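Below, each structure is written out as structure tokens.
Same chain, two partners: subunit A is paired with subunit B first, then with subunit C.
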Partner chain A sequence: MVDSYRPLSLKEALDLRADTGAMPFAGGTDLMVRYRYESGAIPDYPRPVMFVNQLDDLRKIRRIDHGLSIGAAVTMTEVLDHDDVPEILKEALLTIAAPGLRNTATIAGNICNASPAGDSICALYALDAGVKLQSPGGERIEPIYQFITGPGKIDLHADEILTEIIIPEDHSTIHLFKKVGTRRANALSKLTLSAVARISDSRIDEIRIAIGAVAPTVVRSLELEKRMEGRSLKEVALEAEDILRDYDALVQPIDDQRSTAVYRKRVAMNLVRHFLLGVVLQQKGA
Partner chain B sequence: MEKQNFNIIGTRADGCDEKDKVLGNVVYAEDYIMPDTLYCKVFRSAKASAMIKKLNIDKAKALDGVSCVLTHEDVPNNESAKNVVGQTTEVGLLEAKQRILATDRVRYYGEPIVVVAAETPELARDALELIEIEYEELPGVFDPEEAMKPDAPKIHGDNNVIANWALRKGDVEKAFAESDVVVEAEYRTPRQEHAHMEPESGLAWVDDMGVINIRYSTQVVEHYRDVAAVLGIPESRVRTIGTIIGGGFGGKEDLTVEVFLALCSWNTKRPVKMAFSREEMGFGRQKRHPYVLRYKTGATKDGKLTAMQAELISDSGAYVMLSPWVLLYSTVHSTGPYFIPNVKVDAYSVLTNNIMTSAFRGFGGMQVAFAYESQMDALAIKLNMDPVELRKKNFFKRGDETANFQSIPSEVMLDEAVEKAVEALGPKSEPSGKNMRVGRGFACSWQSYGRMTYLHDTASSWVGLEMDGSAVVRCGIPDLGGGQRESIRAIAAELLGIPLDEVHVISTDSQVTPLAGTVTATRALFMSGNATKLAAENVREVILEKAADMLETAAEDLDIENKMVYSSRQTDKKVELVKVIRRCAAEGISIQSLDTYKAAFTDEIKTNVIKDPVYNDWTFGTQAVEVEVDTETGKVNVLKHVSVQDVGRAINIKRTEGQMEGGAAQGLGFALMEDYLEVDGVPITWNLTEYLVPTSKDIPDSNSIILESRSGKGPFGAKGIGEPSITAAAPAVANAIRDAVGIKVLHLPATPERVFWELQKKHQS
Partner chain C sequence: MATINFSVNGTSHAIDTDPLRRLLDILREDLKLTGVKEGCGEGECGACSVLKNGILVNSCMIPIGTCEGTEIITPEGLRETVQGKAIIDAYGESGAVQCGFCTPGMMMATEALLRKNPSPSEGEAREALSGNLCRCTGYDMIIDGVLKAAERGKGLW
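Up next, the complex of A and B:
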């Protein structure tokens, strides 16, 4: 058996977390799977569990300066129903599981599970999202690409709770989300691509490309993005093959029961190529 | 005269359990519980091929709350379980009989070794963890073609080939030499998991007369015989009681939980229950046989088939189970529903250290359908001929002889089926994007219904009227979800002129319901429907005779409708059914009947070459699909699906459509995604997170078109539909993918990976 808590305020939750090391439990759709014995038996949690769905502070989606804040206990369905949420995140969420699961699962849970195949995570990389981490002693905000450190590994201190997901204002003019799975619902990804770009006057003002399930964490290269940003489509077109080669070096997938490394690599690179050559460089003025 | 005007048969009447199923109110096997119930769990092999060097159960036995820990030494007849279920005679090659609990060697990952019963499921699980075992690994063999080689490790005895069947008709060599076109290819099919929603589960107890009662989810009530044989007690002291089944598809045809439950309750004299976990359903239970199929098919330039040669190799896993029979089905059905003058087929079923394989909806018919229908499209392309026209030139006609020299006894409505299927696809869809390609394909199939005729299949049923004009039917067929029980009910209600809700069917109790065989082999409606029809007609005859007396008219002129016996000639001549029943009672005339239907009987097959009839009849049908292929990723989506089947006669339209849709969905899963993967015999797709079956998003709204030739051997001309509904789905998809992007699909499932690489190969060449 396991101790469980139901704090009535965020402050109480933070104290409980610090005192007992309890795991925040929102939708539970990852935790129940991760700590199960076998179907039919009670899950075996290694630490106390703390339910957080009743905490109003974690249940809000609100506009903030230059962006949007999504509370950690907001369900995926609630995110999908919100007008201000960027389109690419909605597209990603719609490929996750099925409506029943999305009615209880949270994005924060998806992030803390830190699977390289997490579909919302991949979109959040492309949106340059951050996470707010709170503890009794204070708070910090980390970019998602720094918060997730490996498969199933996150930079969360023992006294911290992930309380908000911060998404900067989305100014992209084009985006592409594509998930490749064995079936159209309730399937873990073979690979995913999330990419956004802002093009004005035949110039790439902003571009972010994230590739999921092809490496220990979602692949995103700030360096390669910088190389393209602020330059004209014509200039980038000349270097496109070179850039694709550099992305190719970053894509290092594995074989598993869901797909093969060679397939993941080829298809991921085809999708990056498609976004860069087939979408971005096809914009007016290229 | 046989009743012709139907009020219930051929309608969309509701069944008694449909709403409850949707609302979750149905009581399934795992829901039953008794006071002082123990919980049973199985300790299974963690090696695919090994000797058991040491097995110590002392710590598990000593755990407080554990009631029994049993090994093979506690099983009276550990090797006596028949591999051929529900039969009165043993047929086939039974060397590789399954042990109830492993003795000194394990042959597949998941093989049962110890069974425990404890006060709670958690204690039973703890007891499993206290069992100490040491293995010495043996070389294993995981590829059936490797296993056929002389120096391959042997699973049992000295030969891994446990069954071999052949067809020989005409002279294929000569015919190929004279053919204008010949196509050749090698096909592979996956290890499909039944994935029924309800796990194998049940509850057993020993009653006050010393009889073991087992209430559980099974397709075969007759397994009480196997349990009795294992325990070494009289068959009359084992009683099996079936429940509403939450899916089976052949997965609940072989022995599942009943022997474990019986062993534990017999040893403890307490009620015992168990349910397989989803993982255990994965690694502890048989699957569909993966096949390698090498086909060569020839035709004239006018599109007449001249010859077919095939080699079929099936992976039977570590024990024989029903593999020889599955292979027999494949062999006879390997030609497809086509008249081919020259045929040569050699088929082998081979033991490996992989998970066991046995019965699964389609029973060997699906694997060959993928090959023979892919071959037909390959021929059409080579001949530059419309694939519909090519098939029409070659379909069997009623009375034609099959390659096992059996005459087709019923109508073959494939011309109509294929036309309707292709037409029903409607206008072609537009691709949904730049990299998308839309294509169409169809496939035709034949699938026998009923058992092999040399098994001398019979089914019994009892029908009795009550004093108020309601009726009871007793017939031992579990309702597998296809509405088997409802069909029996409809037949009795129709013939006796009683409203459907006044007929009660008791369908599954081995000591109460007359034995009806199994709910397998698409035989329930055919066999039990006929038996119930016979019994109901006997009762009907008694009623009509007595009513004729009372009305002073001829029985031939009378019919019963809505509990009124009336004359079709003189409208004023009528009498209430209840009054006739009372008169019969007063005169001591029985208004009950037990009757038995016998299928066709033939002699036992004595040679590997099948030269004699082995089936009762076949169901013929066509499935057509439209697919969209994403050329960037290789992902295939099914946009439209049509199934057209000649079911002979639909007893209930809604449930017939239900079978057709369900079969199609399972067939599309086989085509596109389902494969239980193992690496050197160790499973890697343990549960339904990794073993994916289609969801409603993967299956388009299916268009099911029912044809009724009324020429089948079932009641009122019905044929079977349970298995035939699945058979043609996969080759239809394969043919549609070829139509969309011009690649051959030779290896199922057609996963994004496989389709993608074929596309790459095509671009390179």
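Up next, the complex of A and C:
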């Protein structure tokens, strides 16, 4: 049996984490399944557990300079009910599990679980989100694509807690979120696409394309995005097939119980193609 | 071990227990509230649904340590309210109950929906109950029950 803690302030939580190595427990929708033991028995946690969802410091959504901060203990339902949250993140959250689970599950937990099929994660890549990590000694902010290092792997130090998700102001003029799963509720993704773009005067000012569950971590290419940004739709149209071939090389899915590599690759590339040729390049003045 | 203070269906409890035990087990085993069912034990089926501070949750996913100071409503509590009675009657008239195993959880999800949205569309009702599995009815009769409860019980929520 392991100990459990219920700190009442962020400071207490950070000290506890540093002193005991307790693992943060947010909504528990991953932890309760991962360590599930027999019916009626206490889950088989390998380390002490520290509840965090009662921490007021982590329960706020607030506007910050050039963006939005979502506290690590804010539930998915609370994020969905908030006016300032970008639409693409809401669309992604609505595909996760079902209302009862979204009432306790957090985005921070989805990120720290670091499943390649984490649906909020894919949207957060497209929004260029970052995470704030705090320890008794200080804090740092990392882009999500650096924080998540592999399936189930994150760059979280032993004395750190993820405290905020930081989403830069969303200036996109178009977005597309698409989750492919077996059924609408309670189904993990076979694959997901999250893409945003800002088009003005027939030019791509900004574009970000993220593809989930087709590689060890969400696929996003800063290089290919740079190649399109600042260019006219006409110019990009001439290179579109080339760019799609480069995306194709990055999409390296596997077979598992949810889908096959062949299916994932085909559908993922059809969606990227649709976003680029069918949505972005169809904007007025192309 | 810790003492957890919380209320269930309006009655206060102070329970000495391991905070990591599941709310589901406390309700069923310690408080004998067996209207709360365990189907899957992993968040998939909704049979264990209860309201925690008015919000629908799956009690198999909740450690009792996170319930300090909260108010829990189980199917036994819902059954005694006018709203609960309206839901029970509507389910009965719609033929929404066959083996009945999913029914308490379905009714908790229905109550949670109607509190937030007293006149839901069919689509909204399906979304609200999407975390509850039924192996018998094929769902249509349950959705009829939800819509009938909303219509008959107008003004109750």
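In this text, the second predicted complex is superposed on the first by the 282 of 286 C-alpha atoms of A that agree within 3 Å, B and C clash if a C-alpha of one lies under 4 Å from a C-alpha of the other, contacts with A are read in each partner's own complex, and residues count from 1 in each chain.
What we mean here is this: contacts are C-beta pairs under 8 Å (C-beta built on N, C-alpha and C of every residue); 3 or more make two chains touch, one makes a residue touch a chain.
Please read these numbers as outputs of a predicted model, since none were measured by experiment.
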| item | value |
| --- | --- |
| First, second, both or neither for A:Q257, with subunit B first and subunit C second | first |
| First, second, both or neither for A:M32, with subunit B first and subunit C second | second |
| First, second, both or neither for A:N186, with subunit B first and subunit C second | both |
| Which of subunit B and subunit C A:H274 touches, first, second, both or neither | first |
| First (subunit B), second (subunit C), both or neither touched by A:H66 | neither |
| Partner chain in contact with A:R266 - subunit B first, subunit C second, else both or neither | first |
| Which of subunit B and subunit C A:P43 touches, first, second, both or neither | second |
| Subunit B versus subunit C as contact partner of A:A98, first or second or both or neither | both |
| Subunit B and subunit C footprints on subunit A, overlapping residues | 33, 39-40, 42, 98, 184-186 |
| Contact set on subunit A toward subunit C in their complex | 1-2, 4, 6, 25, 27-29, 32-33, 36, 39-40, 42-43, 45, 49, 51, 53-54, 77, 97-101, 103-104, 184-186 |
| Subunit C - residues contacting subunit A, complex | 18-22, 25, 29, 38, 41-44, 46, 49, 55-58, 60-63, 65-66, 68, 109, 112, 127-128, 130-132 |
| Residues of subunit B touching subunit A in the complex | 121-122, 125, 275, 277-280, 434-435, 632-635, 637, 673, 677, 684-685, 687, 689-690, 692, 694-698, 751-753, 756-757, 760 |
| List of subunit A residues in touch with subunit B within their complex | 33, 37-42, 98, 178, 180, 182-188, 190, 257-260, 263, 266-267, 270-271, 274, 278 |
